[in-house]
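Here subunit A shows up in two complexes: once beside subunit B, once beside subunit C.
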Partner chain A sequence: MMSFYDSHLVLFQATFTGLILALSIQVPLRMGVFSFAGAGSYGIGAYLAAILVIKQDASAFVAIGAAMLATAVIGLLLGLLIFKLNGLYLAMATVAFDLIIGVIAINGGKTTGGSTGLYGVITDFTMSQLFTITLIALVLVALSEVGRTGRRVDAVRDDPELASSMGISLRRYRLTAFVVSGALGGLAGSMNVLVRSAIGPLDIGFGLIVLGLTMIVVGGSRSWKGAVIGAVIFTWLPDVLTAIGAWQELVYGIVVALAAVFLPRGIYGVLVDLNKGLQRRSRERHDPPPAAAEEAAGDVDPTTGDVRELALNEEAVP
Partner chain B sequence: MSAQPVEQTTTPVLELRDLAVHFGGVKAVDGISMKLMPGLIYGIIGPNGSGKSTLIGAITRLTRMTRGELLFDGASYEHVPPSRLAQLRVTRTFQTVRLLPDLNVRANIQIGADARTTSEQKAGRRPSWFERLRGPAASPGVADAIRRTRLEGFESYYPSEMSYGTQRRVEIARALAMDPRLLLLDEPTAGMNQSERAEISGLLRDLREEGLTQLLVEHDVQMMLDTCDYVFAMNSGQLIAEGEPDEVVRNPAVQEAYLGKKWGKDA
Partner chain C sequence: MQDLLSVVTLGSIYLLFALGMSLTWGTIDILNFGHGAIFMFSSFTAYLVLQQTELGLPLIMLIGLIVGALMSLLIQVLAFEQIIKRAKDKRAAEMQILIGGIGVAIIPLAIAQHYTKSNPFGFSKSTFKVNTWTMGDLRITNIAALSIVVAVVLWVSAAVWLRRSRQGLALRSIGVDAETAALMGIDRRKMALATMAVAGGMAGLSGVLFTFGLGAITPESGDTLLVKAFACIILGGVGSMRGVAFGAFFLAAAETVVLTQTSGSWVEAVSFGLIFLVLLVRPSGVFGRAEVRRT
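What follows is the complex of A and B.
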């Protein structure tokens, strides 16, 4: 009898590659850059790794490294082209980039395998290697959320003008977002093709944007922990829902809609708010707010002492 | 107009020459020239819409200027990007509270210290990538800024948990943590009561004694009288008076700008 791990190996693999895909969209979002280019980079990484393995007989690590390097450079070039765009316009431009990659995959002839894609991408890439690389990527992303870099990323996202006045180069951070997003997308795509040994046009494209975005919207867009939560839920939920047969698509949709409406900061955001609430209660119980300063800072009229008052009462001028 | 209380042979920390900021046909700032000498507190007064905050925005390069020259320590900087001004140790506070909601007080203030040139960098040692990623573990500038703005006990609070006046003090603390040479304060005591205003006024005077040059935009005239060495008055984007604070406040043009022509004539 197969163990749980063996029978769900594909889901474990999909969780790790899905997590990296989610991070490729989350990292730029965390910097306030509405870029979905990570999904396009996923496609590039997957095809490039497949081509290198099939045609150049490259090893798994060479294929992954080349895919990450190529998608990072493409991310930089894309960033230089569109980094001045913002919000919906930027999102639309990056969605267009993703769709173009899909069109190239279909029309790439023998190089991309056309509408059937590429098969037989066989290497000695193992599950433990997949896990280790995912863990390293996760640690690096987690490091960017703490310390000075974390604070600066928060500033760039929440208040670009303040960030500028605090010596933070918006251009540098936005370009970095494109490069990191590209490298992570390329990593996810290349690892996915190495564990599945095939890639086709249906494996890339708009569906990837929806999947990655759903993971971080429901899981939480402000931290890698949210991406982990989202990747686990949306990789395993369809498998769990197979028990309800034809209703699974409907239930999946309802779960996503409810999460978007009632958990605007995602599941991780709710956990953070709960933690803040507990901290506040604990503080109020054991360490009341510094009374002198807080009492002094009541609601006051900001116009008190206005020049008008003084002009009408010249005695006030020494 | 009164002469500035420092010999003009000294190089000004900041000099504006014919600075203008136009938004289409609206001349928000139109031909302002001023010099800020080291170690003094300067004030800008003027009615709402007179261009005070736009002027601060132009000085900090956050607002695009239409014409003019900006000089810091005698060197032109009108083409320097705003993020580079932190290297010159020019910093500002904003008219409305601008704290990062997901960071507590200590982390909000630490952002100011992050921009500070570390002693290692001054000594020529390039920090490792890990040090650059993490930033300094505990900046003495942060503890000092917390102490000076009387924020002890609030370190773990989030902005939404504090009163408006306390949030403003966090903004001032963040600016101080940058160890600035020029501090621009846009209505720093808005939302504070009289005792807090007096406290902030005392803090700014202490900073002046330490040699910090400050430019203060305020409506609170008593604060201006108590704090500033020299005051500029603006109206419709132009300077209408400058000099000792009490002289400027008594200036008929200034009173007219605030209260209207009729009051000025009647007075």
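What follows is the complex of A and C.
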């Protein structure tokens, strides 16, 4: 067991930083803000932490803290700039933001190390610290999914007009999404550079956006559990796939494409549906009348394709 | 003058690529992120065929065209139609199509990377030879001239077809209001398939011409071009044929200026910066009309 842990240490580290990266894209998505700025913040955070450690001899926590603060502020500024954009336009503006960070990194001269990047970022950052910080971030994100905050976030995403008529400030929630996404992205980037000791422009390109996005799309975009599932799958899948040899890239691609097309709510969504189905079936077997009554009262969540959903949502009528 | 000529050449490649994307996005609401993969893989298929047998330019272009159109159809039927069928509403469908396109694009990229080991590939085995013509001070390669002609001809015919023909009207009406268009007896599925095929064919053709012009391309070059095409479309205004041409040549000009005036590799930042700027200042683009804009 211990030897397995040691030989796969890199993968464990990548799982944690990948999870935070996935959360940095998932949090705004859950608030209905289609922003990929988390990947750009990841780049800023990674470079900033690397520069602080190499040039200023900063400690690990100072570097992480400074990176998070900077990316949160940048997230806020970015949000103020573009929070009026919507949908695809917002998505592409943030993709452009991410890619600009990469170009700046290449052209930064000595400060960013040009196309080779920065290396030799060595601190006393340990695995248990990495684990603890990841856990704290995960718990904080999970808390935003339950109770009042959770319901408000759902309302802001699913029905912005309703939310604002209930006195929820859309502007404030959307800006929060940018700030949290920035801070999480900066956290992921800075922790990643501290455990891997190097960062280059190739690490923060278009591929990073695709990685973060595939994690939450395949895992499930509505819950932190989905991000965990996705981060575990896409960090470990390449390692598992080395068993099948040369075609691993192709299998990887097929998995992502199938999930993107057929599982819009991800693996976590499928698990939730399965669980609901099982509960309903066991309820009907034990005690049929209440289930029927509940259904008659319209309390059951309409599933996709259900007539009731069509009735609720006229646009869905084909 | 020579710079102007290279702007026009580069711009016509951008135009050829962005034209298909603009066509599908502006009419049937599909922003196809697999477009870059189609571009690359059509060229890659031509390269594979060339490893087996020698071919001239027309046949290679035909291969690019057909492979591009077929891939585009395949993506539409296997991915986008399924997504639209399952999606809750239009907004969700748009997002899911974006993500699905990114997912689908990984497959051709993986195949090409596997065969080429991510090295650049080119058409060194074709019987067609790239020549340079000199007119006074100007030098132009035959392939550059061909790219310009093909881009302009396709752009003009697409614009005229969209504006004058009955089918063009039908397609535009889908873009304005898909449901009403369906009520008027327009077969949305058939129109969407045709549009996707045309767009894919253009992507394949631009892939082949681009590879000839540059000598060789890497499997990853589709991704960069995708963002550039997006910049062209946004700059001109979504759904506007004049706009996409303006965007393509403007981007080419801006990139050439940056390339010649600055050191380093800031060129890549031009398109990203443009996207940002246009979205902030005028989200509907230079030629976009407010009522056509869909968010």
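Keep in mind that, in the parts below, the second predicted complex is superposed on the first by the 276 of 318 C-alpha atoms of A that agree within 3 Å, B and C clash if a C-alpha of one lies under 4 Å from a C-alpha of the other, contacts with A are read in each partner's own complex, and residues count from 1 in each chain.
Basically, a residue touches a chain if its C-beta (ideal position, glycine included) is under 8 Å from a C-beta of that chain, and two chains touch if they have at least 3 such contacts.
Keep in mind that this is a model prediction, so the values were computed, not measured.
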### Message
Looking at A:243 after the superposition, I want to know if it touches subunit B, subunit C, both of them or none. Which is it: first, second, both, neither?
### Response
neither
#### Entry: First (subunit B), second (subunit C), both or neither touched by A:152
first
### Query
So, does A:279 touch the first partner subunit B, the second partner subunit C, both, or neither?
first
### Query
Should A:168 be classified as contacting the first partner (subunit B), the second (subunit C), both, or neither?
first
### Query
So which bits of subunit A does subunit B touch that subunit C touches too?
304, 316
### Of subunit B, residues touching subunit A in the complex
45, 60, 62, 81-87, 91-92, 94, 98, 100-103, 107, 110-112, 114-115, 132-136, 150-154, 156-158, 161-166, 169, 174, 178, 187, 190-197, 219-223, 225, 246, 249-250, 254-255, 258-259, 267
#### Entry: For the subunit A and subunit C complex, residues of the former touching the latter
34, 81-82, 85-89, 91-93, 95-97, 99-100, 102-104, 106-107, 206, 210, 213-214, 217, 246-247, 249-250, 252-254, 256-262, 264, 304, 313, 315-316
### Query
Within the complex, which stretch of subunit A touches subunit B?
143-144, 146-149, 151-152, 154-155, 158-159, 161-170, 222, 276, 279-280, 283, 287, 289-290, 292-294, 296-300, 302-312, 314, 316-318
### Touching residues on subunit C, where the partner in the complex is subunit A
31, 78-79, 82-83, 86-92, 94-96, 98-100, 102-104, 106-107, 109-111, 113-114, 223, 227, 230-231, 234, 264-266, 268-269, 271-273, 275-276, 279-280, 283, 295
